Amino acid sequence: MQEINVALIGYNFMGKAHSYGIENVSFFFDHGVKPVKKVIVGRTEHLVKEAAEKFGWEEYATDWREVIHREDIHAIDIATPTSSHVEIALEAAKAGKHIFCEKPLAMNASEAQQMYEAAEKAGVVHMLGHNYRRVPAIVLAKKLIEDGRLGKIHHFRGIYLQDWLLDPNFPASWKLDKKIAGSGPHGDLNAHIIDLARLLVGEIDQVIGMEKTFVGKRPRVKVDEKLSSNLTASGASDDYDPVTVDDTTSFLAKFSNGAVGTFEATRFAGGRKNHERVEINGSKGSISFDFERMNELEFWSKEDDVEVQGFRRILVTESTHPYISAWWPPGHVIGYENTFVNEFADFFKAIKDKEQVYPNFYDGVMNNKVLDAVTKSIETLTWEKV
Amino acid sequence: MQEINVALIGYNFMGKAHSYGIENVSFFFDHGVKPVKKVIVGRTEHLVKEAAEKFGWEEYATDWREVIHREDIHAIDIATPTSSHVEIALEAAKAGKHIFCEKPLAMNASEAQQMYEAAEKAGVVHMLGHNYRRVPAIVLAKKLIEDGRLGKIHHFRGIYLQDWLLDPNFPASWKLDKKIAGSGPHGDLNAHIIDLARLLVGEIDQVIGMEKTFVGKRPRVKVDEKLSSNLTASGASDDYDPVTVDDTTSFLAKFSNGAVGTFEATRFAGGRKNHERVEINGSKGSISFDFERMNELEFWSKEDDVEVQGFRRILVTESTHPYISAWWPPGHVIGYENTFVNEFADFFKAIKDKEQVYPNFYDGVMNNKVLDAVTKSIETLTWEKV
Amino acid sequence: MQEINVALIGYNFMGKAHSYGIENVSFFFDHGVKPVKKVIVGRTEHLVKEAAEKFGWEEYATDWREVIHREDIHAIDIATPTSSHVEIALEAAKAGKHIFCEKPLAMNASEAQQMYEAAEKAGVVHMLGHNYRRVPAIVLAKKLIEDGRLGKIHHFRGIYLQDWLLDPNFPASWKLDKKIAGSGPHGDLNAHIIDLARLLVGEIDQVIGMEKTFVGKRPRVKVDEKLSSNLTASGASDDYDPVTVDDTTSFLAKFSNGAVGTFEATRFAGGRKNHERVEINGSKGSISFDFERMNELEFWSKEDDVEVQGFRRILVTESTHPYISAWWPPGHVIGYENTFVNEFADFFKAIKDKEQVYPNFYDGVMNNKVLDAVTKSIETLTWEKV
Amino acid sequence: MQEINVALIGYNFMGKAHSYGIENVSFFFDHGVKPVKKVIVGRTEHLVKEAAEKFGWEEYATDWREVIHREDIHAIDIATPTSSHVEIALEAAKAGKHIFCEKPLAMNASEAQQMYEAAEKAGVVHMLGHNYRRVPAIVLAKKLIEDGRLGKIHHFRGIYLQDWLLDPNFPASWKLDKKIAGSGPHGDLNAHIIDLARLLVGEIDQVIGMEKTFVGKRPRVKVDEKLSSNLTASGASDDYDPVTVDDTTSFLAKFSNGAVGTFEATRFAGGRKNHERVEINGSKGSISFDFERMNELEFWSKEDDVEVQGFRRILVTESTHPYISAWWPPGHVIGYENTFVNEFADFFKAIKDKEQVYPNFYDGVMNNKVLDAVTKSIETLTWEKV
C-alpha cells in the first residue's frame, strides 16, 4: 500500500470538502494507495489549527512555501481563492510535487498556461477540481455519448443557478472582490458548466456574453472574516464595499463541431440553491441532468419504440454504474461529498500509476480561455474566438 | 351520417361533462355517426331550462319516464345520483333504448345485476361511464400489458385522493347522504380504481377493508341545492345533517391471478385534488399513472439495458398513441374534458356498428360486487369473497 | 344574446384549433354573446369543404376577399401562413371587420405596423393569437407579479423546444420556406416566449442572437400538401427542397427595466414535444412554468418561513383561479384546447363590450420588432436595439 | 475530548455503513466526543480481517462474547442478521456496555422486550438503527407536525418498494431464510415505515395484513456466502432452497389517535430501488417524502393563500435545517451515508451526556409488536390488537 503525504492549502468550504474526500478514499476504493493527511496550511493560525483538529490533519502550518518544499510531502492540494493559485502551483511544480487545484484554475488563460507548462515540465500529476465530472450520472452521460447513443450533438443548454446574494444585505465576501476572485458566478459557476460542455460536447469556438451586477455595494466584512465561506447577512457591518464582480453572466456559444450552446450563471435565482442543470440534444438522443437531483440522469432515445419513447429517470445507483460499486446498494443515493472521494481516488491512483488524469491543467487552460473570451465579448459587444 | 337522438337525465357536474362529450364527438371523430342533443331532463324546471340553453340541448323536460318512451329518442344518458340509476335504466331497457350510465352503476350488485340483465334482454348497447378508461395513457398502459411488456402482474397499487371535505364546514351535499349516494369515496372514487384494476390486472377474488368518517355532521344545505355539485362552505346553514357515508375507505385485495393489491380513497388528503394514482408492477415491467398529470405514463422495462433502465415519462400525445390522432400535435396536451369525447365517440360508434362496448353493465356488476364485498368485510372484520 | 358571425380563413392545424375555440365559447362562458361559425375559407375547394363539414361551419368558400366584404360577416379570423396575414388583415380592416390573427402577426415589424394602424383607424377590435396568455397558470403568474410577489424582476429564462425536425427525412413543409413562413422556430416559437416575456417582465431593449440550420435540404412535398400541417416522413418524395429558415434561434436580451433574459427556440430537441418553459426570478420570488404540464405553476416565495421555503407546485384548477370557474372542479385538469376557448371568449366579449383586448396588434408590432432585431443582430454580429 | 471505544459485530452491508458513520462523526460534529473504531468482529476470519483493513478498525476478532467483555470496550454495535440480536444484546447489557443495534430489534416482541429490560436494568444507552429518522427531511417533517402545521392527522400512507428479487434466479441469501431473518420485507422494510409512522403519527392500535411469496424456491448459495449482502444472480448454484419468508407484506392500520394508515413493503416492484415513500395528511397540512429524493420534503399548507396553495418541494439543505449546519452549503445535497453519521453522532453524544436517545429499544419493542400483530392477523384473517 503506497502512502502519499498530502499538504492542503486552504481550510474553508473547499478545505473541508477536500479533507473529507482525501479521508475517505481508502474506505471506499481499493486502488492500492493510501493518502495521508499530513499538513493543512492557512494564514490565520488559530483558525488553521482548529481546522487541523476538526478535519484530522496531522499538522498545521501558516507558511505554504515552506510546506511545499518539505521532503516528506508528495502532493499539494490548492483550495485557496483563485488569485493565489498561480503562485502556489508554480512553486509546487518547481518543487516537483503532484498538484491538485480547485477551479477555476487561474485568474485568466495566461496564468493557466504558465501553470500547465510548469506542471508538464516538472512531470508531475496535475488535476483540476471540477468535482461534478465525478458525479456518477455525469460519467454515465459521457459513456452514453461515447457509445453513440445521442448521435451527432446539436444543442448544449447549461444553467447554474444559486440564490445566496438575493438578500442585498448579504455581506461583501472575497467572492465579490474581483482582485481575489477574478469574477463572480462567471468563474465560479460558468466554469463548471463550461467544463461539462467540453467534456460532453467538445471545444467551444466562439462566444458572446452579457453580464449584470444587480447590487452594486454590500456591507463590509471584518478583515479576518473576508476569506470565510460562512458569512451570513447577520454578520454585516455598517460600512459598505463595492461589488466588483458580476452577479450573473450568460453567453451564447458555437462549438467547433457545429453544435450550439447557451450558458447562464447567477447568484440571484430565488429558490435555486445549487441548480446546475445541463441538457444535451443530439440526432439520436437527449440527456438532462440537475445537480439538485444528482443521483438521476434523464435520457431519451430515438431508438426506443415510438409508443414508449420518453425521458427515463435513470437512478444512477446500480453497481454497474460508474463509481457505484464502491458505495451503496441500488437506490441508496449518494451526496455532494461523494464527488470529492471519487475525484481524489482518481488523483491518487494516477500518482501511483504514473498516469495522466482528467480534468487537468490543460482543461484549466481551455476553460479559462472560454471564460476570457466571454469577458472580452462583453467589452467588445461582438462575438469573440476562444 | 347516422343521427342518434339522445336524452340526458341530470344536469349538474356530470350533466355538463356528458353534454360536452356528446357535443364534440363529431368534431374530433369520423365514425359516421352524429349524436343529436335532443332533450335534457331534470326535476327543477328553471334549472334544467337554464342547463338546456347553456349546454345546447334542443329541449328540456322534467319527466324522465315520458322522455324515455318518446319514439324519437334513441339513447338514454343517465347522469343522476346513484340511487336513481336502477329505476331509470330498467325503464330505458324496457323501452328498448341504448343506455349510457354514470358510475357507480348501482347502489349494490343486486341492483346492478338487474340492470345488466334488462339491458342484455333488450338487446341494447349499454355503457358505464368510467371515463378514465379513455385517458390515452391508460389505454396505452392496457396495450403494454396485453403486449406482455409487464410480464406476470405481481402488484396493483391504487389511490384516489381528494381534499374537498377537509373543511369541517363544507356542507352536507347529496354525496354525503347514504340513501342517495350509497357510499362516500368508496363508491365515488374506489369504483374508479377498481375499474382500472379490473381492466389492467383482472378480477378480484377477496378483499378486506377499513373505513372512517372523520367529520360526523355538517351544515345542512337548502333542499333545492342538495343535489347540486357546486356547493361551497359559504353556502352552509346553521343546522346540521349527519354524514352517513365514509370519508375514506381503503382495502387490501387478492386477485384471481395471484396478484395482490392495495386501494385507498379519501376526500381528506389536503393538497390532493383529483389524485388518482395507479402503479402496477409485473415480472418484466412496471407502469405508473397519476391523473393530475394525465398526459403522462411512466413505464419501466426490465428489458432495457441495465445501465439505462429507469421510469420513462412517456408524453402520451403522439399521433400513434390511442385517441390522439383525433386531437392535437405532440406535446399539445389534452384535458379531463377529452375523456368524455372519447367515451361518447365509442358509445355512439357501438350503436352504429351494433357492437358491444366496454366498460358496460357487466363491468358495473363486477365493480359493485367488489364494493359490496369491501363493505361487508368492514362489518365482519374478516376477508370476504367478491 | 348578441350573435357574431365569423369567417375563418385557413383550415389546417390552427383552423381546427380556432374552430374548436369558437364552437365552445358559449358552452363554457356567459358573456352574453354567441359566435356563429358562418364560413370557412381556403384555396383548395375539396379540402375546405371537408373542413367545413368536420368543424361545423355553415358554409365554405375559396375567395377570402369576397367573404371579407360580405355584409353578414362581423369578424375575420386569420389562421393562414404568416406571409398572407398583412394582405388579409388590411382588407378586413378596410371592410370594418373585427380581426383575430394568428401569431406571428406579420413577416416583419413594418408589415405589423401597417396592420396595427389600419385596425386602429378602422376602429375594430383586433386580437393576436398568443393563446398561451390564456393558460390559467400564466394568468396566475401575471397576477402574482402584479401583486408584487416576485418583487423586482432580475431574470427571464425562456425556452421553447420541439423535436419534429429531428428526422432528416421529414419533408419540407411551408414552415421551412422563408417566403411563406418568414422564419423557422424564431417566428413560430420565440414569438411565443417573447410574448410571455413582454407580458410578465416588460419591453426588451437590446438583443443579440445566434441561429443554425442543422439540415439544409429536405424531401420535397407534393404541391397541394405543402401548406398542410399533417406531413409525415413517409409522405416525402425523391426530390429535395432547400430549407431556407433557421432550425434553432437563441438570443440574449436586456430588458428596459434592468432585467436580463435568455431565449431559445428549436425543433431539434429530441424528446421535447411542446416544451415551452419559462422561469422568472425576482427579488422576492420566482415562478416556473412548463407547457407540457400546463395545469401547474411553480412558485417560490422569499416571504415564506425559511424552513419551509421551496417551489410550490400549484395545481391551477381551483374555481378561484383564472378561467377555471368556467371549466371543471379542482384537479380535473384542462388541455391545450382550453386556451382557444378562453381566448375567443375574450375576443367576442371585447367585440360585444366595444373594449380593447390583449394581446392585440400593438403587441404584434412590438413582438415583430424583437424578432427583427434578433435577426439583424445575427447579421451584424453585435447587439441591436429593438 | 472523550474517547469511546467501539466494537462492531458484523461486517457486511450494515457493517460498512456503521463503520462509515462512526468514522465520520468527529469530522462533521462537535459533540466533544471521539469514537474509536477499536475492534470489528465476524465469524469468518479472512473476511473480517479484510473488513478491518478496509474500514479502518484497529483490530479484528471472531469471538463476539470475548470482545464484549473486554474492559477497554465501551460500546457494542450490533450489525448482524436479526436472529442473533437478542443473544448479543443481552450479553452486552450484562457486561454493562452501551448498545447500538440494527433494526429490526428482534425476531419478535418477546425477545425485544427482554433486550429492552436488560438494557434498562444495566443503565446503558441503547439505540436502534432506524437511520431514516436522521434524514434531515424527516426531522423537519417531525418538527412541522409538532409545530401544529399539519393539524390533526387523518392519514398515513407508507410504502417501501425494492426490486432486487424480481429475477427468479437471484439466489437464496440469509434474508430469505425465516430462521435467520425472521421475515422478508416485513421486518426489513415495513419495520422502517412503521418506525416513521410511530415517530410522525403515534402508536398503532389495530392491524390486518396480507402477505405473498411470489417465488417459492431459489438457487442455493454456497454456505460461506449465505450471510453476504453482495450476492448476484450469477453467483447461483444448481440446487434450490425454499424461500421461507414473504416477498411482500401489506397491511391496514388504525392508530390510537384516530388516524388510519396503509403500509406496503415489497422486493418485487420493478424500477423501485429504495423507494421508501411516506405521505401524511392532516386537517391543516400534508407532507410527502420519498427516500430516493431524500433531500426533498414536500409540504402543503391549508394556511397558505388559496391561490398559491400547492405542495412545496423544500430542498432540506439550508443551514437552519436539521443536521445540515454540520454538512454543506444549500443545494449541496447529501446521501444515504449521511444518515449513519448523524445517528452515530447522536448515539455517542447520548453516551457522553448520559441521556436517553431515540429510537431506542423501547421503540424496538413497540415496532416488533406491530410486526407481530400483522403476522398474526395474516393467520387469523381478522384484525389484531397491537
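In order of appearance the chains are A, B, C and D, and numbering begins at 1 in each one.
Throughout what follows, a contact is a pair of C-beta atoms (placed from the backbone, for glycine too) under 8 Å apart; a residue touches a chain by one contact, two chains touch by 3 or more.
Since this is a predicted model, take the numbers as computed values, not measurements.
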item: Distance-maximising chain from subunit A - centres being C-alpha averages; value: B
item: Selected pair, greater C-beta contact count between C-D and B-C; value: B-C
item: Averaged-CA centre spacing for the pair subunit C and subunit B, given as whole angstrom; value: 35
item: Euclidean distance of C-alpha centroids - subunit B vs subunit D, Å; value: 41
item: Mean-CA-position distance for subunit D and subunit C (Å); value: 54
item: Subunit B, residues touching no fewer than two other chains; value: 272, 309-311, 315
item: For the subunit B and subunit D complex, residues of the former touching the latter; value: 154-155, 157, 159, 161, 163, 166, 208-210, 212, 214, 248, 250-252, 254, 258, 260, 262, 264, 266, 268-272, 279, 281-286, 300, 302, 309-311, 381-383
item: Parts of subunit B lying in touch with subunit C, wherever the complex brings them together; value: 13, 17, 19-20, 23-24, 26-27, 30, 54-56, 162, 164, 229, 272-275, 291-295, 315, 317, 327-338
item: For the subunit A and subunit B complex, residues of the former touching the latter; value: 140, 143-144, 149, 296-297, 299, 301, 304, 306-315, 318, 320-321
